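Please find the structures below.
Here come two complexes built around subunit A, the first alongside subunit B, the second alongside subunit C.
Take a look at the complex of A and B:
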């Protein structure tokens, strides 16, 4: 059994609870233990960095230090949490003076950063650590013929972490193929969903969501798959507002990749948090009815 | 006698781990502007903003909405042929404008970021309903109604937290912050 320190992040507590539920259900089937960090704090999203950079690093370093204490690599399901944790870890390792400064603050919580662990996005655990062959072997209800638009979004890919191919990645498509679905190619897969502009610059964000939805629908997507709670909310919960603003009639469900993997593993939809969407997932579920009865 | 840094040097100083003055290496190719998904909403394209900083047009830069329309997608950063971290530059100008209180009054971005950070400092975690107050009143009645409809639909599906979350070791957490930003003691 592989074990990780799990940093769910604020969104997964409520707004994206279905991501949390489906992550737990599917990792269990893959013999992975996600041990939640005991007292994690918010990663700061983009806002900390707008206000104070050192404070931003300090608060993210607190989570890293707790994972170090547990002796486990840190896994974040949210792309923003992942990006902030990854780069805090990297930058503090490269800058001992900054790390010293932050460790002075962390003393107040009996913690210390030493740079001894790695940070991963949840999807990396599936694709890289577990591997596609292992995932294929667990599929009992292949999502045959389901046309899925893999939506990478931004911060899972950018800024570049190492030497990976950030202009034409394939791992999301490969994962969807592994569970029997049909990944579609569409131009929006690496384009931004608007992120927090949905709250601060509504006109721009709705435009960005509109372009993404149109691009997926034009290529015949039945469902969009995401790996980030903010992408999910922007693409799904604001779909109605896009329809009002642009006179469109979008009704595309947006599910987390863990929910699709879970369906293919034969986990009952309810245990994957399916049913909490604002856009109906009925059509998606019709693709799996022909499989074996659920456990 | 020390000379006063230029605006370009001030901004370069705010770029994390940037050695020298990265903005000076900009060749004005416009890859950033061509890549940016929010460019059509900006007063100036990212390329123009860099040129303005390099020309020390401080007042014009700070009056621009450009950096507040940056969604941190890092596409410009990923593609810049001179390896300038342009998204990070947008953060730097945001911080500069917050510290100097020079942002235009009708922008929600700076108010939202302030409210977000205050929420975290108070409780350790983010809480959507409190954040909403930072922008909801700046909407017109039509936008307000649309937002209320979205929020209500999410609440019905159990996706809006009712009780504000807080971390357990909050006193320690506040003392950690106090060692970085020493304001008014731990409480």
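Take a look at the complex of A and C:
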């Protein structure tokens, strides 16, 4: 059994509970243990690094230090948590002076950062650590014919991390193919969802959501798959507003990749948090092939 | 000891004197180093001036100096000056030592008294070292009067013609079936818009018919042995499967050949050729080659159409022909192996290879060319529709830290040329997306103005993506170029019918291996390195190997031609001299100490080290050795010694630096 330190982040506590549930269900099937950090804190989100960089590093480094104490690599399902943790880890490793500074603060908590662990996005664990062959082997209810728009969003790729081809990644598509679905190619897959602009500059963000939804629907997507709670909210919860603003009639469900993987693994939809969304997933469920009965 | 050492301290204006108290340094040298055989210490404003040199020469004559130490700039600059000065006064030049108190002292310190003390230490080291020097005589080697030019593009052709016209033998080696290089692919040349073929083919014909030029096309260098003046190069002449003594180049064979092949080289993947082919109508030589990977006969033993239809007597097609290895002796080698085009598929967001109407610059050159696949018509991928709007993207793969950081220099002008041709031939709207317009050199800026007046649109901004995903009815069916227009500070989406990517230039994919083969250095991104970027741009650190054209870095046709001619001038001067004197500063192996461990074997950047399997010892070829000292330092047995940098000399210099040569060593200096 592979074991990771798990940093769910704030979204997965409430808005994105279904991401958390489906992550737990599917990793269990893949013989992976996600051991939640005991007393994790906010990653700093979008804003904090621009307000006070040193404090933001300290905040994020605390999570890293706890994972180091447990001797486990850190896994974050939320792309923002992942990005902040990844770059804190990287930058502190490269700048021992900064690390000293941060460690001075962490000492208060009997923690210290040494740079001994790696930070992964949850999807990386599936694609790289587990591997597609292993995932294929676990599929009992292939999502045959289900046209899925893989939506990378921005922070899983950007800023440039030291791996993957940033401009044309394929791992999301590969993962969807592995569970039997049909990933579609559409121009929006790497675009920004608007992020937190939805609160501060609603028109600009709605336009971005509109472009994304339109390009996925134009290419015949039945469902959009995402790997980030904020993307999920923007794409799903604001569909109604986009429809009002642009006179469109979108009704496309937006699910976490873990939910689709879970369906293919034969996990009952309810245990994956399916049924809590604003856009009906009925059509998606109709694609699940008859396989072995659900456990 | 009874040597007489003179110490000369240069002010270099205020370069040195502004930080180092040169007068006291000179005085100190004469007094304190007296018991180290120093008999005179002088300072002078510019030691390298004629008067400064005369000062040294007079002392050699009048005081009978047997050793000289000059404390001035880096040996890279003036070592030769002072050696020659000593030589003229009758002192062996290798008994003169130049120590740097400018680059290593005055330019890097601000504390004057500490810098002065450090200058003293550096001079003390120089004195101890020069006392250990021996008189050396340079090695004279004869220069073979023939030259090899590798690469038959415009730079190589120019070099070959200049040398041949001067009456010397040239071997021009070219990998492809014909000489001509990239220039043969172009339609027009900027900024004059003269036809590329019209100005190139006369030179190709001259090279092909010149009595002093031996053309070796469809050939590659396999091995290089020897050293300046005396290289032996083995060249593999690949089998053409065509008997060139019989072939008239009539073209019936390629007309009848049933196998069409996409031509990735000459047509840049945009057009086709046959399995037996000459790359283009004006090819030199005129003889075709058979591409065995695609020839039906070579694949399944049937066909032979070319042989059947060949009208010559005897038949020119010879399926039994084999590669030939030819050893050629030459005195000098010119490398003009050119560039590869940046592969635009590496920038997926520009859509090359995915979106049909995105073209690479070389594809577009072929499209514009009257003898190209579209007979010069500018049309979309369907080869019928004339575009109504064309976007030209500059700096594709250049000036981009994700790909190549350097500027490819030719793309701005090339893009302007494209813009002009599109406007002239189709009347389409043209949008140039640039980061900066770089139109340096004669008549280039004027050409830019001309294209502006012709109505070309210029948008300053790096293109984010080229997509076919329309957002508005006007964008339907178009390619949309999304870019930030940094002049108006807004994002723009410009729908066009066709996109041309002005891709950058890259070193040949095998540049590193070629550099190794010829024993020269290439930069981290694989351009070959010249001896001096300003003052010796066509020589390399390896004597007898010269470089011309894009192999050294991106450049346009005029610059490539100039470099080709420059290498020829350098080579001809060498040949004229008849022999060359080589620096005697080089390494040699003391055989009794050599254990045959071979640690040094792979380290030599000049491939001067030979290993004798029979005796299990290493030997250094004195003509190839450039005296870098790498092997001397690496040898664990201390079996390699360098004249001019022996262990004894280095240890003596260190003792001098630490002032251990003085009865009362100074306190640590320049702390």
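In this section, the second predicted complex is superposed on the first by the 290 of 295 C-alpha atoms of A that agree within 3 Å, B and C clash if a C-alpha of one lies under 4 Å from a C-alpha of the other, contacts with A are read in each partner's own complex, and residues count from 1 in each chain.
Note that in this section a contact is a pair of C-beta atoms (placed from the backbone, for glycine too) under 8 Å apart; a residue touches a chain by one contact, two chains touch by 3 or more.
Quantities reported herein were computed from a predicted structural model and do not represent experimental measurements.
Colleague: Between subunit B (first) and subunit C (second), which does A:46 come into contact with in this model arrangement: first, second, both, or neither?
Modeller: first
Colleague: Under the stated touch criterion, which partner chain does A:100 make contact with: subunit B (first), subunit C (second), both, or neither?
Modeller: Touch partners of A:100: none, neither subunit B nor subunit C.
Colleague: In the overlaid three-chain picture, which partner chain does A:218 touch, first (subunit B) or second (subunit C), both, or neither?
Modeller: In the superposition, A:218 touches subunit C alone.
Colleague: Given the touch rule stated above, what does A:33 touch, subunit B (first), subunit C (second), both, or neither?
Modeller: After superposing on A, A:33 lies clear of both subunit B and subunit C.
Colleague: Hey, is it subunit B or subunit C that touches more of subunit A?
Modeller: B
Colleague: In the overlay, answer first, second, both or neither for which of subunit B and subunit C A:283 touches.
Modeller: Touch partners of A:283: none, neither subunit B nor subunit C.
Colleague: Answer with first, second, both or neither: which of subunit B and subunit C does A:168 touch in the superposed model?
Modeller: So A:168 only meets subunit C here.
Colleague: Based on the superposed arrangement, let me know which partner A:134 touches: subunit B (first), subunit C (second), both, or neither?
Modeller: neither
Colleague: Under the contact definition given at the top, report the residues of subunit A touching subunit B in one complex and subunit C in the other.
Modeller: Touching subunit B and subunit C on subunit A: residues 167, 211.
Colleague: Show which residues of subunit A lie in contact with subunit C when the two form their complex.
Modeller: 165, 167-168, 186-188, 211, 214-215, 218
Colleague: Can you check the complex and tell me which residues of subunit B touch subunit A?
Modeller: 16-17, 37-38, 40-41, 68-69, 71-75, 77-78, 85, 87, 91, 94-95, 98, 107-110, 112-114, 116-117, 120, 124-128, 131, 135, 143, 146, 149-150, 153-154, 157-161, 165, 167-169, 172-173, 175-181
Colleague: Once bound in the complex, which stretches of subunit A touch subunit B?
Modeller: 10-11, 13-17, 38-42, 44-55, 58-59, 62, 91, 94-95, 102, 104-110, 154-155, 157-160, 166-167, 190-192, 194-197, 199-205, 207-208, 211, 237-238, 240-241, 244, 275-278
Colleague: For subunit C, which residues are in contact with subunit A within the complex?
Modeller: Against subunit A, subunit C makes touches at 347-349, 467-469, 471.
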